[in-house]
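Reviewing the structure listed below.
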Amino acid sequence: MTSTLATFLSLAVDGIAYGMMLFLISVGLTITLGVMRVVNLTHSAFAMIGGYIALWFIQRAGVHFFLAVPLAVLATMAIGALLERTLYRWVYGTHGLGQLLMTIGLTFIITAIVKNLAGTQLQSLPLPSSLQGNFSLGSLTLSVYRAFLIGASAAVAFALWLGIERTAFGARLRAAVDNQRMARCVGINVPAVFSVTFAIGCGLAALGGALGSPMLPLEPYYGLKYLVIVLIVVAVGGLGSLRGSLYAALLLGLIDTLGRYYLPALGAFVIYLAVLAILLVRPRGLVAN
Amino acid sequence: MTERVLELRDLCAGYGETVVLEDVSLHVDAGEALALLGRNGVGKTTLLTTLLGLNTVHGGSVRYVGQDIAAWPAHVRARKGLGLVPQEREIFPSLTVQENLTVAATAGTWTLERVYELFPRLAQRRRNLGYQLSGGEQQMLAIGRALIGNPRVLLLDEPFEGLAPVIVDALVEAFGKLREGGALSIVLVEQHAELALDLTERAVVLDRGRIVWQGASPDLRGDPERLASLIGLEEVQ
Amino acid sequence: MTTPSLNSSVARAFSRHRYNLLDLVLLGAAVATFFLADLYLALATAVLIMIVFALSLDIAQGYGGIETLGHAAFFGTGAYAAGLYAMHVSSEPISGLFVGMAAAAVVGLLSGLAVLRTAGLTQIMLTLVCATLLLELANVAKPLTMGDDGLTGYSIAPVLGLFQFDIEGRTAYWYALAVLVLVYVFCKFLVSSPLGLTAQGVRENPTRMALLGVPVRRRLLTLYAISAALGGAAGALSAQVNNIVGLDSLGFTMSANVLVMLALGGTGRLYGAFLGAIVFMLLADRAAALDPTNWLAALGVLLIVVVRFAPTGLSGCLARWTSRGGAQ
Amino acid sequence: AEIKVGLLSQFSGAYTWWGREYQRGVDLYLAQHGGKFGEHTVTVLSRDEAGSNPQRARQLSQELVVRDKVQYLIGGVFTPTVLGAVDVINQTKTPYVILNSGTSSVTDKSQYYVRAGFTQWTVSIPLVQWAYDQGMKNAVILAADYAPGHDALQAFGQTFTKLGGKVVGEIKVPMGTTDFSSYLQRVRDLKPQAVFMFMPVGPMSAGMIRSFKERELDKAGITLLVTNEAQEEDIAPIGDAALGLTSALHYSPYLDTPLNKEFVTAYKAKYGKDELPSVASVAAYDGMRLIDQMVRATNGAKDGDKAMAAIKGYKWDSPRGPVSIDPRTREIVQNVYMRKVEKIDGKLGNKVFHTYPAVKDPWHEINK
Amino acid sequence: MSNPPLQLVGLCKQYGALSVTRDVNLTLEAGARHALIGPNGAGKSTLVHQITGVIRPNAGKVLLEGRDVTAMPAEKRVKLGLARTFQINSLFNHLTVAENIGLALSAHRGLDGRIGRPLPARPAFVQEAVECLRELGLLDLAGKRVSELAYGQRRQIEIALALALKPRVLLLDEPVAGVPSTEGKRLFELLERLPQDVAVLVIEHDMSLVFRFARRITVLVEGAVLLEGGVDEVRTDPRVRDVYLGKRGHHD
């Protein structure tokens, strides 16, 4: 009896940790796709770039993990801002398909570059000793890394919620997205707002890519491989809703982990059936705007 | 000697390669109100949006308080005092009423409180999202949003459309007070020519992108035949 | 002004899909390919099949505004249905083609019930989910589909009892070309028909369409099922020509590729399906042969260049170019 | 005469590693033979299968054979891509040297298939045997939910049961799984002595091995046993969590034979000192040797039947040890090694500690 | 048939705590020329949305010729002869003017689902489209895309779409806002000339037009009917003057 309860609890914790990681890599897309309405299929590629840069700092420059990750985030933000100023700027005005084409093209190019620079083998950030090992709470063992992941994601979620939904910047951003022309007419510097926002989205991706790499190891095809799951989180959460993404990521993480244990026969169906059900009941996502 | 706030010389402008406005020259002085009249599709809206830098300029110049503003992006023009009330209102649908106002706010005499005072209806609806507003409420919000940017020139594109008569009265009164100090100039596009002429000192009539008449508003108001021939009014009481 | 000329000027104000020089050029190119580049028939046949598939996507996406990242569901269904039909029922190809189309249409109708309730990203994700579920189903139904190994071991009888499928791929080419021509003629007819205009209206403004008295969902469902059937035709062709059906025919890559092809060519024009599929497939083939490891980067650059300089796709670019030429 | 060989592999996409390794093995063999088999110059045309896409594989093989006039095909990464060519090779009598697809039944589909790689059964059975001999009497089988995984389930399960062991659980992991917590929880609850695992090499296998260690299942007395997933290239990113991992495979670059040392040296000389050959490059290398043999036997003429006859029963010494082609099944007969991951010269590598000599593909034996 | 073309019985609509329509009863007789006026945000457009099925009321009934259509989807109500215009233009912006009208006409004739001869190849259909465009003076614009038109021109297409459906009940939400006063008058004359059995309900803030056109007027305030009556009754009512007309409203 107690063992089944313990099993359930430890699965639940795993599901939460997994969900939090999903949140971390997809929340940036909630901002670029959900809020800015850019069909940014390059999102996971930015996560990968972040991961590789952090790896480079740790392995080649000997920087400590806790410094390497923020550095990688900043570097990815810079790359993102640069690309936003050049490539993305072209496609804001175009229809969704143009954006899709451009960003998928960009993903291909990034993939090829990474393949040539870093090779095809899998890599992941070596965790510092402080994040290794397990600790136990009663009969429950929890890995330090997963606990850290949960904490970090929660902090990010809170900071973002404050930033987007509670500041003037957030309102300006939403105005610019709603109606660029009119936003300019009320004195909003639309290009600057977009650049900053896009860079933030990229930085979040990088954070997710770096911190999540023990679960989703880095490889050149990362950008394509983990695109769908990230899109699913954003869609299920509801376009542009940070809260929604958080709920969606947690829910999917839990359903996935529990489903695999309790409904093994359904295998890969579980998550897709769940998505189907959620979207049919709530076509605009968990938290619809 | 009053200050020349806006001055257009031989302005040609349009959408991409299509030229809509041709050789438009006009000026607006501080504290002055100018009516812009003409049939549907003659280019009134185009003139206002060109002032904010939203269209393609093919020739001529626009000077604002003495400076050539050709190179200014739209948001700078807005920050420096050009406030537009667009014809289709263009409320930000996913912002609340209050946010619609605060994103446009700059320091000045117009504050959130004063806008709410002018339009009590907006105060009631302050938490509603933009797309949930009634047509007239959107119109009020569009005007409020322009005012709260504390402009020097208010560009009004059919601001009374969809407003209840009482509200129109209140607005007319408010505009009158606003201009008293000479701090605000107004360019008013309005389909009801008589109303527009009553409210302004001077008027410009456009036809197919060109200015066909320019002069004092009372002159035109008092000359129904000319008005009819200029903008196609058949009968004027 | 007399009434007839008035009437014809109003009739002209409707955009029409007439046959023009480009159709002749395309047909000529298709025939010439057979005689001049007969060593490339396998590739050419694959291109023809992808054009059919891209046309089917254009009907749904370009005309109906249905956003989908799961169109492979129809390709795969058509392919498996045709393959299974050949294996268990009859190896006659033309009836097999119709079986593939019918099966895909059924899948289109069923998934359409779910997919068409939504819009935007949700719609995209639902199409993706439907396709993925089908893929998993095909994977699980291993006794029937042979799962990951691919459905093999069936053969296809001569077309019309006359033309045997040969290893050089001559019959396959003519067969695919004939199907493409028929599908294309049908698509042209479809998009000019009242339903075609209705679809565009729905794409532009579904609310207003409903308030004109049009049962929006039903019309879209019809369109979606037609699109699905055409996608099924592409899949069935592929199954018959290649004698093998893999799980990838239901896969994400298939859906994504055809979407990229259509976007590359330009949506809502039909020609986009031709240009996009031809350019994409040829580039993929040539670049992949020249530098297999880096061809993806070349494709990426091409996509970005197209978005930058031909934002409405290659066919949009072409249309602008020819209309400018015509104006002078 | 000029002999053309078509190499089919993954040169783009997530499985590019295979393309690279095949190409290296092929090039190395050619370079060592001056680009000639007998007096025949050999040209290799490489084509990208681009994923597990049988339609494309069929199209490519057709083009290679019909248009480019290749006499031999070599390569193939996935079973569907290998099978995609079956019509073409049957109709044109073109020998196809299979380098990877691990499904045993493939060689039954055409008499022009010959295998230079290995089958899952060949390596699974020694692994199970070894575990049983070590006293592991109950086991869980954990396999990815796709065709090769199902094969592995069967291979592990049948053998283990026949030996007298007890399979206490079979777990199918959906493809693309990245979080293994629920599966490992299940393993923990089932308390087996051994876990036989089969997964596509990549994020899945790496994630699984790492999580196994992270959740300290090894400390709970459970031994993780794998076949293909412990290759040097793949355990590097797993890091020290891979230490001690036991596997059965037909090759290790650290195999201590003179021929292998020579091979590794040549490989490093050509491709860089940090590079190591793998099962894929060895398979390609040996595959070229088979083609060499076929070319000589037919004196460069296109004669598929004669070529195939020439390699049935053919024996040679490969870097992986003595090997031969079973004349009946056209499967390769080879040693299978038990290996353990250790730190060798500061890097993780597989040390061979036991050899099962001349293992024939058991599936064909069972399904005779 | 003695049933009135349109009857609203106790319609209520709430958004959260906000009551937008409160127990509205309204009857349009055959041939009615009825105006709905009221302050901004009174709930006039919301009422039209409820009648046409764009939104569902929380309580109350909508009857079309005596038939309860409250639960009927919008497109079926249109088939029963109900048409409307939108206060904020709702057109097919990337299609031409002719195609916009064509959509309405084909829907009305039940052609919209056909896979058959294209619309412009059907002479009778084209003839009808021409007449429809001519009536509203839009013939010259037939080949232009709506997105290239000036606002006032779009307003007229908005009306044309509704008229093309040959409705028996026509709901017009500020049809001539943004149209010059002369054009506005012309459009209203056109409406007056509609067949006598067509019931028209119009929302309009231009009182000179309303008082000339309407035979009955309903005044809506804060979602509830304040008053219904003839033109003179309404224009002289002090309450209406206070909340709505103001001092200028009645001088016409």
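All chains are identified by letter, namely A, B, C, D and E, in their written order; residue positions are counted from 1 within each chain.
Note that in this section a residue touches a chain if its C-beta (ideal position, glycine included) is under 8 Å from a C-beta of that chain, and two chains touch if they have at least 3 such contacts.
Not measured: the values here are computed from a predicted model.
Enquirer: For chain A and chain C, which third chains touch each of them?
Expert: Under the touch definition, chain A and chain C have D as mutual neighbours.
Enquirer: Within the chain touch network, how many edges lie on the shortest path between chain A and chain D?
Expert: 1
Enquirer: Report the chain whose mean Cα position is at the greatest distance from that of chain A.
Expert: Farthest chain from chain A, going by C-alpha centroids: E.
Enquirer: Could you tell me which pair, B-E or A-B, is linked by more C-beta pairs in contact?
Expert: It is B-E, judged by the count of C-beta pairs in contact.
Enquirer: Relative to chain C, which chain's C-alpha centre is the most remote?
Expert: Centroid comparison gives B as the farthest chain from chain C.
Enquirer: What whole-number Å value describes the gap between the mean CA coordinates of chain C and chain E?
Expert: 42
Enquirer: Counting only Cα atoms for the centres, state how far chain D is from chain E in Å.
Expert: The computed centroid separation for chain D versus chain E comes out at 73 Å.
Enquirer: Centroid of chain A to centroid of chain E, CA atoms only: how many Å?
Expert: Comparing mean C-alpha positions, chain E is 48 Å from chain A.
Enquirer: Taking each chain's centre as the mean of its CA atoms, how far is chain C from chain D in angstrom?
Expert: It comes to 38 Å between the two C-alpha centres.
Enquirer: Indicate the residues of chain C shared as contacts by at least two other chains.
Expert: Each of 136, 293, 296 in chain C touches at least two other chains.
Enquirer: At least two partner chains per residue is the criterion; list those residues in chain B.
Expert: Expected reply: no residues.
Enquirer: Can you tell me which residues of chain A touch two or more of the remaining chains?
Expert: 115, 267-268
Enquirer: For this structure, give each pair of chains that are touching.
Expert: Chains touch in the following pairs: A-B, A-C, A-D, B-E, C-D, C-E.
Enquirer: Please give the residue numbers of chain E that touch chain C in the complex, ascending.
Expert: The touching residues are 52, 54, 73-76, 78-79, 83-84, 86, 90-99, 102-104, 106-108, 111-121, 123, 126-127, 129-130, 133, 139, 142-143, 161, 165.
Enquirer: Okay, in this complex, where on chain C does chain D touch?
Expert: Spelled out, the residues of chain C in touch with chain D are 39-40, 42-43, 45-46, 136, 139, 142, 147-150, 152, 167-169, 238, 242-249, 253, 284, 288-289, 292-293, 295-296.
Enquirer: Any idea which chain A residues touch chain C in the complex?
Expert: On the chain A side, the touching residues are 33, 87, 90-91, 94, 96-98, 100-102, 104-109, 111-113, 115-116, 228, 231-232, 234-236, 239, 267-269, 272-273, 275-276, 279-280, 283-285.
Enquirer: For a test of understanding, state which residues of chain A touch chain D in their complex under the given definition.
Expert: 3, 7, 10-11, 14-15, 18, 115, 120-124, 126, 134, 141, 143, 145, 214-217, 219, 221, 224-225, 253, 256-261, 264, 267-268
Enquirer: Which bits of chain D are touching chain C when the two form their complex?
Expert: The contact residues of chain D facing chain C are 11-12, 16, 19-20, 46-48, 50-56, 58-59, 62-63, 65-67, 78-80, 83-84, 86-88, 91-92, 103, 109, 145-148, 150, 174.
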